[in-house]
Amino acid sequence: MANESALAETNRIEAFSDGIFAIAITLLVLELHVPEVEDGQLWHALQEEWPQFAAYLTSFAILGIMWINHHSMFRQIQRADRGLMFLNLLLLLWTALLPFPTNLFATYLDHHSIDANVAAAVYSANLTLAAIAFSAIWWHALRKHLIDHEMSAKEQRASVLRYSVGTAFYAACIGLSFISAPLTLLVQFLLAVYYGFEQLRSK
Amino acid sequence: MANESALAETNRIEAFSDGIFAIAITLLVLELHVPEVEDGQLWHALQEEWPQFAAYLTSFAILGIMWINHHSMFRQIQRADRGLMFLNLLLLLWTALLPFPTNLFATYLDHHSIDANVAAAVYSANLTLAAIAFSAIWWHALRKHLIDHEMSAKEQRASVLRYSVGTAFYAACIGLSFISAPLTLLVQFLLAVYYGFEQLRSK
Amino acid sequence: MANESALAETNRIEAFSDGIFAIAITLLVLELHVPEVEDGQLWHALQEEWPQFAAYLTSFAILGIMWINHHSMFRQIQRADRGLMFLNLLLLLWTALLPFPTNLFATYLDHHSIDANVAAAVYSANLTLAAIAFSAIWWHALRKHLIDHEMSAKEQRASVLRYSVGTAFYAACIGLSFISAPLTLLVQFLLAVYYGFEQLRSK
Amino acid sequence: MANESALAETNRIEAFSDGIFAIAITLLVLELHVPEVEDGQLWHALQEEWPQFAAYLTSFAILGIMWINHHSMFRQIQRADRGLMFLNLLLLLWTALLPFPTNLFATYLDHHSIDANVAAAVYSANLTLAAIAFSAIWWHALRKHLIDHEMSAKEQRASVLRYSVGTAFYAACIGLSFISAPLTLLVQFLLAVYYGFEQLRSK
């Protein structure tokens, strides 16, 4: 088997994916708007924009962790097939889309109507779809033996379970969205921080 | 012949092209606008924005497939000459431009006037010009013997024919635009999915 | 120790960071707006926009120097651990955010109210937080022995002191913001030029 | 001399510069705005936007050629020193800025007032400053012996002269701006095409 060419293949998928992660994470800043205020009201107006900053910070953390997770997954994948490229493109779709629900969530977070819940649910749905894409990539790589090292059936089940639990947490946030939008954002941020530590510990 | 330097040359063309594909595909999200609504109308307003989401999804799929196609073409090209660089720059022009007709199409897709057809035709024309650039790159590479492997005259004709058929499909969509704009978008999406599978199968 | 894999690890952190530096520095231009004027007033209107250009130039210089500094730091770091990745992500947060306070500063620089001072202070605070992240990365790399060469305790203290002095200068600019906003921008620009020369001399 | 490290140095300058070229060329599309029209007026409105498309095409060609030129220059430069990094950052400043004068030029190109000339002159000044930065990089590389091959004094003079002539052409366009703005855009486009062919021929 053309092993070197297969490696080159996963390298270019990673480079393209890294580009999209880096661009999406940097585009988030375009959703922060400079307030137009009467003289002397700028500091107050910036404080009023806290939902923008909270959503920015949360999405930055999530995309940062997704990037780390993506790399650690592809470090273990040594070959790419057609299914992997398709599933990875699906993941990149949800990654590149995130600035939109971030902006939506930030705009409606402090509305006292069902709109805040809808925005939170759309944001959570986007993250759930990204988590499903991550699970599908891993599950596909296991099933097609694209992994570079032997894993026992038990290890495989454990790793699949781990991704499924993550997906379930994000899906649960869709429900949580209809209880409290600000709480949903907080939980999303804490999930990112938790996964950051968990991911980095396993290195 | 300085083979290594020639390879370095195609590598840097690929890296630059990859950058533009990744940026263009990520910039698409900037055309999705957060609706401003009366209390309680957000979910309804998001549904009203379906043309934006449909156009986003279609252009994302098209740019993703173009990226895969570009790479698989340049994996076979081992040397770059002046014509190749010029034709590749032409392809990148249509690639980087795509967010504009995407936005145009999304804005006018559900207008009940000739404007929907005009927008669909502009979108289809952009894709046709990209397909022509792809064909021209491949035709030029064959004619100038920039390919890394021997191809029989029959194989060459078959590969050129394949690109010509693709270009003809996109050109036919310009005509289809004047029959139905939404149908044109659907066909473009299905073409992208078809090429995705066809491209990935041939790997 | 898997030395090669560790190097690959720092290489990908650098590539991702470089991407974010390059994108943030290029996105700055989106904050420059074409003035809408009465016939014959364009040149005058462009001159009125001097705060936009001054802020653009200053942030470009700062991000350029930060990129040089980041690279020269990571050239000395040969291994990445969990703390390093976290601290680097923190630095990238302040890097990717900079276009926002740049825009804020440019908008309010010539307001004759406390708002100019608030904007200058927010800008300076962003840079101070970036400087703290730089110090923390270096301090962490020293403490965890991630550096590729031996440094005497004296050399280590000198290098830490150098970063602390830089951070103190940026923090002092938060205070200076409340004395004069334009003077703050000038000092920030001069700091960037000074660090540029200092950084480049030490190469 | 640490030759390998010096090469790594110029490689990373190239990668960072390539990123900025790719981002700036792709951001140009954000200046193309979807016209808002009465029913049935879209095609007419798009034709009215010809200055936007002409300016887009010209700046795309110019940035594409600058990218090719930058690479062909850095392929000959084998070492980077402090001056080179500073001059390259200066070139990137004018590169990353170009979307702004492009937008300015496109907005005022068909105004029948001095504003069209002012916009053309600002655009030409940006390109002149970029040409000066290119000349300065080359002149500095020659003077500091950063080039990877021997050049006779005569060859050196010829290469410096070539850059000076280019700079003079761009400077002359500042003057031409006050005669005719559309003619200036046409000349800028033709200059880009000419340099494209000249540059690619010399490969």
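Before moving on, here are some points about what is shown:
A, B, C and D label the chains in the order they appear, each numbered from 1.
Note that contacts are C-beta pairs under 8 Å (C-beta built on N, C-alpha and C of every residue); 3 or more make two chains touch, one makes a residue touch a chain.
All values reported here derive from a predicted model rather than from experimental measurement.
Least step count on the touch graph, subunit B to subunit C: 2. Interface subunit A/subunit C: under half of the residue numbers present appear on both copies, so the contact uses mostly different residues. With chains reduced to the mean position of their C-alpha atoms, the one farthest from subunit D is A. Overlaying the C-alpha trace of subunit B on that of subunit D calls for a turn of 90°, given as a multiple of 5. Between subunit A and subunit B, the centres computed from C-alpha atoms are 26 Å apart. Chain centres here are Cα means. That of subunit A falls 37 Å from that of subunit D.
Shown for subunit B are the residues in touch with two or more other chains, namely 15, 19, 23, 27, 30. Contacts from subunit B toward subunit D in the complex involve residues 12, 15-16, 19-20, 23-24, 27, 30, 81-82, 85-86, 89, 92-93, 96-97, 99-100, 103-104, 107-108, 111, 113-115, 118-119, 122. Taken together, the subunit D residues at the contact with subunit B in this complex read 15, 18-19, 21-23, 25-30, 32, 34, 37, 39-43, 46, 56-57, 60, 64, 67-68, 71, 196-197, 200-201, 203.
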